[in-house]
């Protein structure tokens, strides 16, 4: 056999293999943009996890209420122990901003997870089964997509008789379902006709295994990227809901979007009450977007050499 | 055409006489026929165009003659004779006389179909009861006769403290019979979810007031009124009033600061100080409302215990609340009416904040583990409740400090809150009232005049007694007797019954540019721009 | 052994073209494979050549039931493969394997070589114990000339030739009887192409495999095949042993094809007489009537060609041809003439309507 | 003096954070008027980069080009961007590999032909249209009037390539560079296109640089052949000589690994071991050394120089002696 | 193409019917609604019940829905209970739609005029500081909540530049012709009215333009990058064409294809954004009506406006798809 010898001489280093994700990670690690995003998000998650310990006071306690004088538009100013002062109800503002990260993270993550799960189920059904299931799912998705996304979220939120954190999350996540579903279905369909799926079929691999071992994992890339971006939109959209009065009215546990939406009346007189949560939201949304965009670029086959 | 528009636009500004007042309104008026109106925005506009037989003295809730120069009740209090002003003309040039007055009364009394709906003729239903063809629902009104052109006699079925001050309500303004007929004024239709109104109400309101309807530019959200040069009294100074609808509160403020408008109603209390320092005239009205914590005795049997209700009263730091959350001039409420209303009992002492007392009362009542289903409304501001969220925040904090557990429910005002509160789903809730006139009946009578009210006072044995006492007081023709009766009732309500906890009276304000003169803030928000001038 | 392993009878694959206002309805077909008969003997290599789009891959896939054939059947080792269903079909797949053209896209980028190879074993319960499987994997790798260290690596870390070896190893793993190789070397550099061709030959010797090799390069096909079938627009136009086909091509299309292939020898090139075909391959959605080749055929005759579809018939032992005039052409009775190229319409909307409802959120649109 | 003299042409790509990559490394060749010169080699050996460098089409950023490309006596590498624009399309024509992606999908074929006529021959649109029709006719596109109005996707692959050739030859350039003009096409179409190009070049007297990886194409078309490996010309000779007696082990290996249609069956192919990815930079010795069956110790140490011998140029320490096989077959 | 259009329109009808039924049913089972909106805090249980009966809200939902459809067929979509109480929902839409259209038009105009050239330059100078800054800038543009930006603009820009920050026009005497204030002024020659309307448009249009700008910028940049890598650009270069011809005919013409699609998709973002922006600037358009409608639970208006938004969105996208087909011959010839 001619080739045996030459093949053995070929340079294949014996180190363990690098998967696609790993090679993408290698590229990402050197990207300053990605790192910026990652650091922002890392800090954000850290702060939200540690918020109960970082926050100097209970964010629901109107401890500075005696310094609130609506009549003179006075709110507790910055003072020892309360570096950012208090809010309209005399609660420690710093604590609220810090603890707000927690709910914001929850809103973002849970909404994204809901949307992702719904989208995954619909998209997998459509992409894996094809045929009438696909048509049916896609019609549903079309209906959902026929409404501008934020407007859909507004409408959904408005339809709950008792708004709460949960309805906010639900509204924001339902909007994402068709996005994920379509994305997943698209790449699943592409996978269905790809050679490696054909190869698996030819091997006699069971259909379920093909879907879950080959089609799904290979379609997840764009979905994961989308999730990072959705995290950003979810937080912003939740804020928009609060702004329209469709957010969670119970503000004992603070959330940035809600804090921002609540102070619109005093925006010009106490801009810092709006600015802090707004800046936090912008930074976090930017962090997720930076990460998502760079991830997308890194996973894009066009950029692979 | 363009030249014409140009010159009109230039005619603004300058001098005592003339000019345009642009007033920022928070919402669009529903219509311009005050009889069908239920909303403040409609009233504000109609008030400038219409007058009633009586009116309220500027800046007070006291009744004074208006289109009637005088009025006299019969001894039994059921027949009222109104002597009318002479030489008054409606905007369409027709004569104002007793015929016209009776025409209006008959029109109100003869509403048919959709016109009888509570959502349409609410003020009539509230104050006069039923209509001609609703025998099961008796009406206060019996008849009206035009004795001569300047004398109208109105007969009532009952005696009420409310008469004739109800006639001062903008709703009962006198319209031109000709115009009413011409524009099919009674043709209200229920259409789908709502009502549609005839041309009279939307385009041709015709009254006797100092201003006439000019146009409603829906595209630009402006309502324009022009001076009635044939006005029977002192003619208006202003050429024109423009109501510019700016729904967003901050936008109104900015519009004022930018000089786009000359004033607006209900500035946020938090802005009063800064508006004042910017040189605007913040006209504070006398507080003519009450804000209370409603208690529903039906749901939670523990709430039927007076001690528990008193505990709630002690638990809330009303002083602090008033100081921190309510505008300048707000007061702690000792009873369910402000001190400007006849029947206000000065001897009721303010219950001071005492959390310990609250706890011990709860212990006495065996309600240490009290859990209450508490409702507060979102998406609303009311004169008595400028920021429900902040108010609730403070109240909830106090209640929790007293060891009361809360199951908090928030619903939008129109999205379930009112329904739930009315259907008695909540245990405690935030609500209030803005008075329509200076009679006590308009206050406590409205709250507790029946036993199946929001507080379900019928659950307690005193509920029926209270309702009967109130009815009796209302039909007492003698004014000082009546006042005394109400004073007694108020005392009992606060000390023996405590069906709910009155919290505060807070004054609403009106902000105007400093060059706007002659607008007198009214407790009834009954400001008339006829006397206003610019510059 | 010269017993028939595979026999394909009147295989047809028609892809519907769907259109419709609300519900998709079929408005036409792409006649990708349109009546193919073919037999492959045990242990032989059957080569299938033809120009791009003539339906070679579709035929290969239809034989493996990766595309459902519209019509016709395939008998594999005495068993009717086309009527198998479900689990039976899956079990049977072990015996027919495929090697694909694009070595990268046919390997799942997210799986290591090891799991790629083990997957088939697992599907057919052939992974009995870790040790045995390990041994099997090592055997496979050495058979295709890859080091064992390759197991833990991922497809993108290999060169094209090495990837193709992994693909071959995957097919070998199940000890198949038949391997369908769809353009196994077209994507490779010439130097590497030879390596893979040699490898395929060696494996056949070693394991007694039967091949169906699909390619557009007649030289490659001729080199490795025992018998060659020439496809044109969904049908086989000529079939013969490799040498015979080159010695004496009987179908006008085969003649033209052979004369068009450049030979890396200036002496030969300078001497050659080209039969230049006019125009392009017609669209399989709208194939010409009669003989599919008549629009470009220099030997086209007034009769029969454009009305009657010629059957594949045996002209001399082991040499079949589908041409009405094969005898006359062979004997030189008919001479070629000039052909005016016909217009071939491209891009006539074979792809279905793509729904154009757009992305829902800003970030999706940002993509 | 030759029409085109490429001397010591080198192209170095420098990407941020990466080693500089020498894609073309000291390539020299001449093209006489009317002559056809072939550049052959496997994928990635620098054929396209060479042609782009001649045309001045390489990106400006991150690319260093050295050496000289003199066309009719002027060094193209020294020309300004604007001067180069004036020459491209007029003096130098180029045909690319993928006929679909090389045509603008949203501009009708007609305009894509006429715009070059308008640019370089100063024709008005109307006049140019007439000329375009003649051109399409000349390259064998049936019904040219209709095709002028059509878009690239409405044409078949062969027609598109013909259209591209028409565009490249529109201004009768003295030099035509064809970068794998037939790789994307079927053999029967390839034969059409190659025949067409042969005729046109002959009729117009155009010099042709033919870039391909297919030795068969070169064998039938080129006068002189340059074999590239890793960016360097490893062997250069007239075609008969090259194919009859390949001296460089690479050329030899290539020829031996191609299955020949006219060869008897059963003859084993002799592949070159390894793949292009295995080569070493020329600076460390002979790039081909790791794959070379003739490799000596010196090969991995010293870069072989270009030697001229008997009408051929060769870059090898241990060339193949004619008549003997490159290396004995190793069997396992 | 025609077939495609019809197909999409039929789909649209289906979508609208399904959507309206869903919305209708859902709104009906919600508490509150028209009754509580009409009666307010003065309601009594009796008056509630009477009104419910009078309005037919006690009938089964399907009956109500078909009645609604029947009325809708005659153009009666109900009467507003919160936005402009008493006005018919259709009237509100018709009277406010021009405002939103005008605003969206200026917003998208700003987004295109700034986004496309910037995107082109950024792509041309890929990797330069200009590129990086504008990319990060566009990402920030997406990350800033629209209404927050609107407030900032309102606060900062209106006081610094003296631009009006609420309403569509000052209370000036302008003749209404089309409902587009800028256009009306031009038609009647009341230039000061046009100018005034334009001044009122500047700030809201800028606020509304940020997201479309960011998206258009990034799509343009990506598309130009893609196109610059295309073989046909190299072909164009090899023909020696001048730089402007290549930019216009070869680069931009192709790069505009995805941009055009995006512009269609941005109508969705515009409609959503209009809800927020118009509320902040009290710009009396459909968006503000939606915002107030949500706040005051004005169900008839919400129902109609949401359906209208859907129709507008789908129709605009259809138009964009069709225009896409006009500029892309690959689709046109299908």
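Order of writing sets the chain letters: A, B, C, D and E. Residues in each chain are counted from 1.
What we mean here is this: contacts are C-beta pairs under 8 Å (C-beta built on N, C-alpha and C of every residue); 3 or more make two chains touch, one makes a residue touch a chain.
Since the structure is predicted, the reported quantities are computational estimates derived from the model, not experimental observations.
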{"item": "Shared chain contacts [chain B and chain E, defined touch]", "value": "A"}
{"item": "Chain separated most widely from chain B, comparing mean CA positions", "value": "D"}
{"item": "Chain pair whose interface holds the most contacting C-beta pairs", "value": "B-E"}
{"item": "For chain C paired with chain E, centre-to-centre distance based on mean C-alpha positions, whole Å", "value": "53"}
{"item": "Centre-to-centre distance between chain D and chain C (centres being mean Cα positions), rounded to whole Å", "value": "30"}
{"item": "Distance between chain centroids, defined by C-alpha means - chain B, chain D (Å)", "value": "91"}
{"item": "Computed distance of Cα centres, chain E from chain A, in Å", "value": "25"}
{"item": "For chain A, residues contacting two or more additional chains", "value": "1-4, 6, 10, 142, 146, 149, 158, 161, 232, 245, 264, 267-268, 289, 293"}
{"item": "For chain C, residues contacting two or more additional chains", "value": "162, 195, 198, 347, 357-360, 362-363, 366"}
{"item": "Per-residue overlap in chain D, given as positions that touch at least 2 other chains", "value": "153-154, 268, 270-271, 273"}
{"item": "Residues of chain A that touch chain C when the two form their complex", "value": "1-4, 6-8, 10, 12-14, 16-21, 23, 138, 142, 144-146, 149, 175-176, 178-179, 182-183, 194-196, 198-206, 209, 213-214, 217-218, 226, 229-230, 232-233, 289, 292-293, 296, 304"}
{"item": "Residues of chain D that touch chain C when the two form their complex", "value": "42-43, 140, 142-143, 153-159, 186-192, 194-195, 213-220, 239-240, 243-244, 253-265, 268-273, 275-277"}
{"item": "Parts of chain A lying in touch with chain B, wherever the complex brings them together", "value": "61-62, 65-66, 68-73, 88-90, 158, 161-164, 245, 249-251, 262, 264-269"}
{"item": "Touching residues on chain E, where the partner in the complex is chain D", "value": "127, 230-232, 234-243, 245, 249-250, 253-254, 257, 327-330, 333"}
{"item": "For the chain B and chain E complex, residues of the former touching the latter", "value": "1-2, 5-6, 8-9, 20, 22, 27-28, 30-31, 38-39, 114, 117-119, 122, 125-126, 190-197, 202, 217-222, 224, 242, 244-248, 250-252, 254-255, 258, 260, 379, 411-420, 422-423, 431, 433, 452"}
